[in-house]
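Please go over the structures that come below.
Below, chain A partners chain B and then partners chain C, in two separate complexes.
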Partner chain A sequence: MRVGLHRIVSLILGIPLAMNQLMAQDRFPRPDFESEYSKPPINTPPPQSTFYEYLDVLILFLALSLASYLVLKKRSRNQIFLLSLFSLAYFGFWREGCICPIGSIQNTTLALFDAGYFIPLSAIAFFILPLIFALFFGRTFCAAVCPMGAAQELVLIKPHKVHPKVAAVLGLLPYAFLGAGVLFAATGAGFIICRLDPFVAFFRFGGEFKMILFGLLFLLVGLFYGRPYCRFLCPYGVLLGWASKFSKWHHSITPDQCTQCKLCEESCPFDAIDKPEPILSADEQKQAGSRLGKLIISTLVLAIVGGGIGYLVSMPMSKMHPTILLAERVMAEKNGLVEGTTLASRTFHESGKLTSDLLTEAQDLRAKFRTGTVLLFIFMGLVIGLKGIGVFFKRTNLDYESNRTDCFSCGRCFPYCPDEHERQKVLDQQKDLYESIG
Partner chain B sequence: MNQLDNAPDVKVLFAISRGLIVLSLLVAIIVSTLVLANYYQIQRADVLNSPSLDLLRVELKERAQDTILREDVRSFHLLARKAYFNSLWQVKTGGYLILGSLIIFVLSLKVFNSVRRKLPDPNRYRITPDFLSFSHSVQTTILTAGGILFTSGLLVSILSFTQIPDPDNALSGLDDSIDLSQHWPAFRGPGGNGIAAHTDIPTDWDGPSGRNILWKTPIPRPGYSSPLVIKDQLFLSGGGASTREVYCFSTKNGELLWQQTVPNMLPPDAEFDYEFVDPGTGFAAPTMATDGKRVMAIFATGDLVCYTVSGDRAWGRNLGLLDNHYAHSSSLIVHENLCLVQYDSFENPRLIAIDISNGAIVWEVSRRTISWSSPILVHTGERMELILADSKSLSSYNPETGEQYWSNDCLSGEVGPSPAYTNGMVFCANEYAQGSGLQINGPGTDPPVEIMWQTTDYLPNTASPVAQGDYLIMATSGGMVSMLNTQSGEVYWQEYLGSGFYSSPIIVGNQVYLMDLEGKMFIFELSSSYELVNTCELGEPSSCTPAFMSGRIYIRSDKFLYCIGE
Partner chain C sequence: MSQKNPDKPISRRDFINTGVRIVGSVCLGGLGAAAIVKGGKREMVWQIDPHVCVQCGNCATTCVLNQSAVKCVHAHEICGYCKLCGGYFPPDAESLNTGAENQLCPTGAINRTFVEDPYFEYSIDEALCIGCGKCVKGCSAFGNGSLFLQIRHDICVNCNECAISRSCPSGAITRQPSEQPYLIKGQERPA
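Presenting the complex of A and B:
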């Protein structure tokens, strides 16, 4: 009996979480009786009650409200952390990570592009509520409501800084993931954001081996580099960042005036604190202006080139759509390029459907993919260019400030501010006073 | 400076967390090792596929009545299952133990690190490089990354290939995109009108001597359904009380390419009287129909089935029991994506449209009474009309929606012949009733259709009339053939030919092909005087209507399929 290497690795790395999956894969086959026994019918459980969906929305709303209060008013890192543990327990382990705002991007996209898709109200609420809160209060969803963020917060033991250049490059990934997620959902290719959810296997105590491995990788990296998924992959974080950038109120490091004591400078494990920068001299401004002009031109060139590359890449990318993949396989079998059949191609042949119909469908889908991929690569060209330009505009502040786009509002920096300690003292004194008055 | 230096109580916390780190890690490693070993053992032992158990199973098949052996197998199986599930339970429990210890490990580590956390010391912070040079290097890095991304995309696209043709390239050679008017897709050809698109048809052959008989092949089961021809494939149905089948033959050599047995789709509680089916009609009287990609067949049982031209079953359904004393014989016809079924019966007669892609009923409309004739599809100048004859009337429907355009009570008796159409006029006839020529006045007119002439002489019983231009041909089961003027009903000529006609006449160019019950084909000119071109013997009886395509005639006799060509 051969024991697959992946099984061994799975056991070593993911035993606790892979157990249910192993059980599911190796489930004992149903006894094969030739007579005397009729196999009981397989019962499919009814769909979950909508009550839980509305309850989820209510709890999301309450959690977002509480998180915003704790971040902006209470300024309590410990209570934010406790709330995130609750979110991890409820949205993560109890509700098994579904539905979540990150995945709801795809539900929303599919609903926009496929009139036949019925999107649950809860999915719409999960998509919109955190964005609305971000518009008013910053990324308080990331701070204490997102179970994936909470899991990474929990394992962050010894934070290290990511080199700015590495961070800048990795920072492009969420945009690409967002674009790909929208493209795949719009074309019906699937929900890749969910398929590449590294934590859902943990929340459900079971999942595909590669997903468990993927999740473990993030958790291992997360021991030393804070929130790697949130910073370098989360597509919803892009939308939250955009909303948070224009938020009416936002998390601040100090409750008062920044004294530029520098004590908070290294407090953020996510590199989301913008330091004050000296004003550029006239020469430097001229130099920067010249470079800015070049960058703007580069951005336009990148967008145009990106569109061309997107047109070319659409063919290989479209193969991720199951229908196109099936059509490729069926044609490869027909043309004698491959031997044998796959489960999908066998099912297709047995269904009696026509190869020409399959090809027509695949061609239509590929045309949609072509449009989508061109737009995706134009988008990526713009993102790359604008990210470069953004480096200039990132550092125009005069005080130590949390970066409105990148800051998760986790409150780790609160205790580093001397003014915060003063505020706490005042609060304590007020509390003592109220107690003495009775 | 860290918290341990000035907080003695924290030292206890430090010690505890350090101990827990070591302990939890040890537990995790030990349990992991045990679980791994256990899992390996499960896989290695493979208790579920034990050779001993397999041997016992084989033995039990040979000694099926041996109850002791049966019990032994069950006991052994139970033991194996217990061992298997026990091991799985151990693995699962071990997994939870590891999970617990890892959680303790992480939490302890967090506490351990927090108590060792140093106070911030700005003097030791890294120095931010010059803004412009820093931003320049970051920008260069981002642009380089973008360049790598795009170059990678370009490389991937260059190295990729696809098997899916461009939309501009026709998908011919697969299974679709054919002009049905150039094939023989239904009873009496395209639209069921009895007019062949191909005129290069032989006029001379002899079955007994084999002259111009390209091939002859046996048909597995009997049936009165006529052949369909699409490209180089010919389709037939056949069957009896026990089995109904669909056949596909190669037109090149008559090879039976595939043969599918149609499953019985009657509902379990349906009481179909197999003995009641008239042998003169049989179980496979209706001719099949095709959209060029799929072929549909219907049988006396009401089973309607669809196969792809390559023989894969697409769908099947039973349309319900019929109250029909001869058995169902109306042929199918296809309009775009719909398979239209004239499902006439004494009870609940219906016209049903089935979605060819999935077998779903798209629409169905009630009809008045029974018939045995087949529908025709014609374009009357302004619209497509589906024209049906039944035992009382001639009716026209919208083939897309089932809306009835018009109806005229010009028929009676047990109607078998199908209608004929030419130049805005439609014709119907039935033995012992009357033959009629009706003018279709078009939409919005009153009346929408009116009878222009009627006749009661020499009317067909089974063979359907056919019309083109000024000529209408009718052939009776007694052997009389009449050529009439379509406008007035005037008889141009009448001749007794052959032994009687069940097969319908087909117009090929300026000639008419009409085969009698003995298999003798009469070929005569489509003209106002009788001008015989030739008579050709098949050598055996036939009641089916031949198919004419690409220089060939395909004839189903009682037992064989013939291909005639030069």
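Presenting the complex of A and C:
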């Protein structure tokens, strides 16, 4: 057992292999058969072909194109919903929720930090394609392609408002989750975004009990509050929001002139419709100017404080890495701080690996964690500060408009606009006309 | 889409947006390229190193699939074809026959067939095996260690992060090049 390592260790130390290690392979001689008997071969079925991965990318591309068309040109809520059902069936239940763009954040990160990790082209495509589409068409991925979004759309039966202050605080979670996901992937501590995927257990009809509970929680909350995962946890949504903010085209409640009839005001279950804000008077502008200075300074202070907190919590955080955890356990056992052993520590001792190697490895990882956690908390400080600035310096819109960052382009608001009714009627008449002509 | 306010501030915003879009697209492309360049060059799949595995039993229960992708594999090449197989019989077996009460395997997944005196062949019925590693433990402790656990790639969906690898106390599950997806005992490849 563990021949490779033992050989190295024994070569270095100049001691022979432990007796039982040698014996393990050859306690009994291999028989010479007199009869015709021949030994059966070992069956080694090859890994599943990558064909499906490329098919997935193709379908992702087509679905994104169709979703963008439905949101921007066709403006049909029903068809958007139908497409989202397809995505739920294909990416969710058929492909069992793997691979998805949300998780691909980690694949991309790991490939950047670990030279031994091969990233499949399909994973890169899954990471990049929805973001490119968001840069041009808004979050059409969320509208009808993401299986997680689709699952939540499906269960939303009685939407309630989330109190704006609660929403603002919970809205920070996706940033933290994004940062933590990247940190953990980069340090090799694991893929926490996949671990906290609430719906994958449903897509696979089975999973760990606590994951099923976690998923049920989101589905239950999702009955009354629209898309809780999307709004308050999804790390990919943060990136999509950034891209969508600068998108070339974007979902609009009405393509015509808004008459400010307010009919759409309450139509969005995700609070993604911005009300018209009056343009500031000269006086107010001056006030705002001086406030901006203070806000920028407090943002910087928040970032510095964040860095400090990050430094303090980096060591507890680093215990999430299995190697660091093991190193601490082994040391604690050695120093008599804990009773007994764990399965992992026993295995470590039996393996004959050197404690000093383990400690060096853990020390390297700790250093990485420290840098990463400090950066993560600086990032969070900046996010909170910039959010604050955003509250006071909203983009002044004259009409009711969907918020480019938050809007999922789901199209629920389309039918609320009376202009839209007019337009659709006109379109229908045109269609009738064309049809009657021939 | 709509040009609702065709005055100056909007066009400045458009200018900024276009800039961000271009920069954003270039960054995304660069990120993708960097990931390809900096990452490994060979496609990888998850596999158990049988020399590191301690047969803790996690393999049977922590795979994301309802029926674990881990199965016992038998390297007949190094098997002793023992009459008294440490992988087949529990140490306290009453008698050496194929009665269920005499079998170590909880699902009766090991077939014991007579070859010639005094040799018996042991083969795994993969449809029944749950990858618990009990037989592997027995065989490693008392026999030649020809039974060992492997992730079967006709079942495994090659998760982003193998759920078993996370719970494996010995770190036996790592990514291996997909053109050599198995680590077969007795066929160790040169380091």
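Basically, the second predicted complex is superposed on the first by the 384 of 438 C-alpha atoms of A that agree within 3 Å, B and C clash if a C-alpha of one lies under 4 Å from a C-alpha of the other, contacts with A are read in each partner's own complex, and residues count from 1 in each chain.
Definition applied: a residue touches a chain if its C-beta (ideal position, glycine included) is under 8 Å from a C-beta of that chain, and two chains touch if they have at least 3 such contacts.
Treat the numbers as computed from the prediction; the structure is a model and nothing was measured.
Once the two complexes are laid over each other on the shared chain, residue contacts for A:Q257 go to chain C alone; chain B is not touched. Look at A:F377: by the touch rule set out above, it reaches chain B but stays clear of chain C. By the touch criterion stated above, A:H421 is placed in contact with neither chain B nor chain C. Once chain A of one complex is fitted onto chain A of the other, the partner contacts of A:E266 are limited to chain B, with no touch recorded for chain C.
By the document's definition of touching, of the two partners only chain C reaches A:G190; chain B does not. Once both structures are placed on chain A, chain A residues 1, 3, 26, 28-29, 31, 34, 350-351 are touched by chain B and, in the other complex, by chain C. Of all the residues in chain C, the ones that touch chain A in their complex are 1-2, 4-5, 16-18, 20-21, 24-25, 28-29, 31-32, 34-36, 38-45, 51-52, 54, 56, 64-66, 73-82, 115-116, 119, 121, 123, 140, 142-145, 152-154, 156-161, 166, 169-171, 175, 178, 181-182, 184-185, 188, 191. On the side of chain A, the complex with chain C involves touching residues 1-4, 24-31, 33-35, 37, 39-40, 42, 44-48, 50, 72, 96, 98-99, 103, 106-108, 110-121, 124, 127-128, 131-132, 135-136, 190-191, 194-195, 204-207, 243, 246-250, 252, 255-258, 322, 342-344, 346-348, 350-351, 398-399.
Against chain A, the residues of chain B that register as touching in their complex are 32, 35-36, 39-40, 43-46, 48, 64, 77, 81, 84-85, 88, 91-92, 94-96, 98-99, 102, 106, 109-110, 113, 120, 122, 125, 128, 131-132, 134-139, 141-143, 145-146, 149-150, 153-154, 156-158, 160, 162-167, 171, 174-177, 293-294, 306-308, 312-315, 357. Across the complex, chain A meets chain B through its residues 1, 3, 7-8, 11-12, 15-20, 22-23, 26, 28-29, 31, 34, 154-155, 157-158, 164-165, 168-169, 172, 176, 261-267, 275, 277-278, 280, 284, 287-288, 291, 295, 298, 302, 305-306, 309-310, 312-313, 315-316, 319, 324, 327-328, 331-332, 335, 337, 349-357, 359-360, 362-363, 366-367, 377, 380-381, 384-385, 387-388, 391-392, 395, 416.
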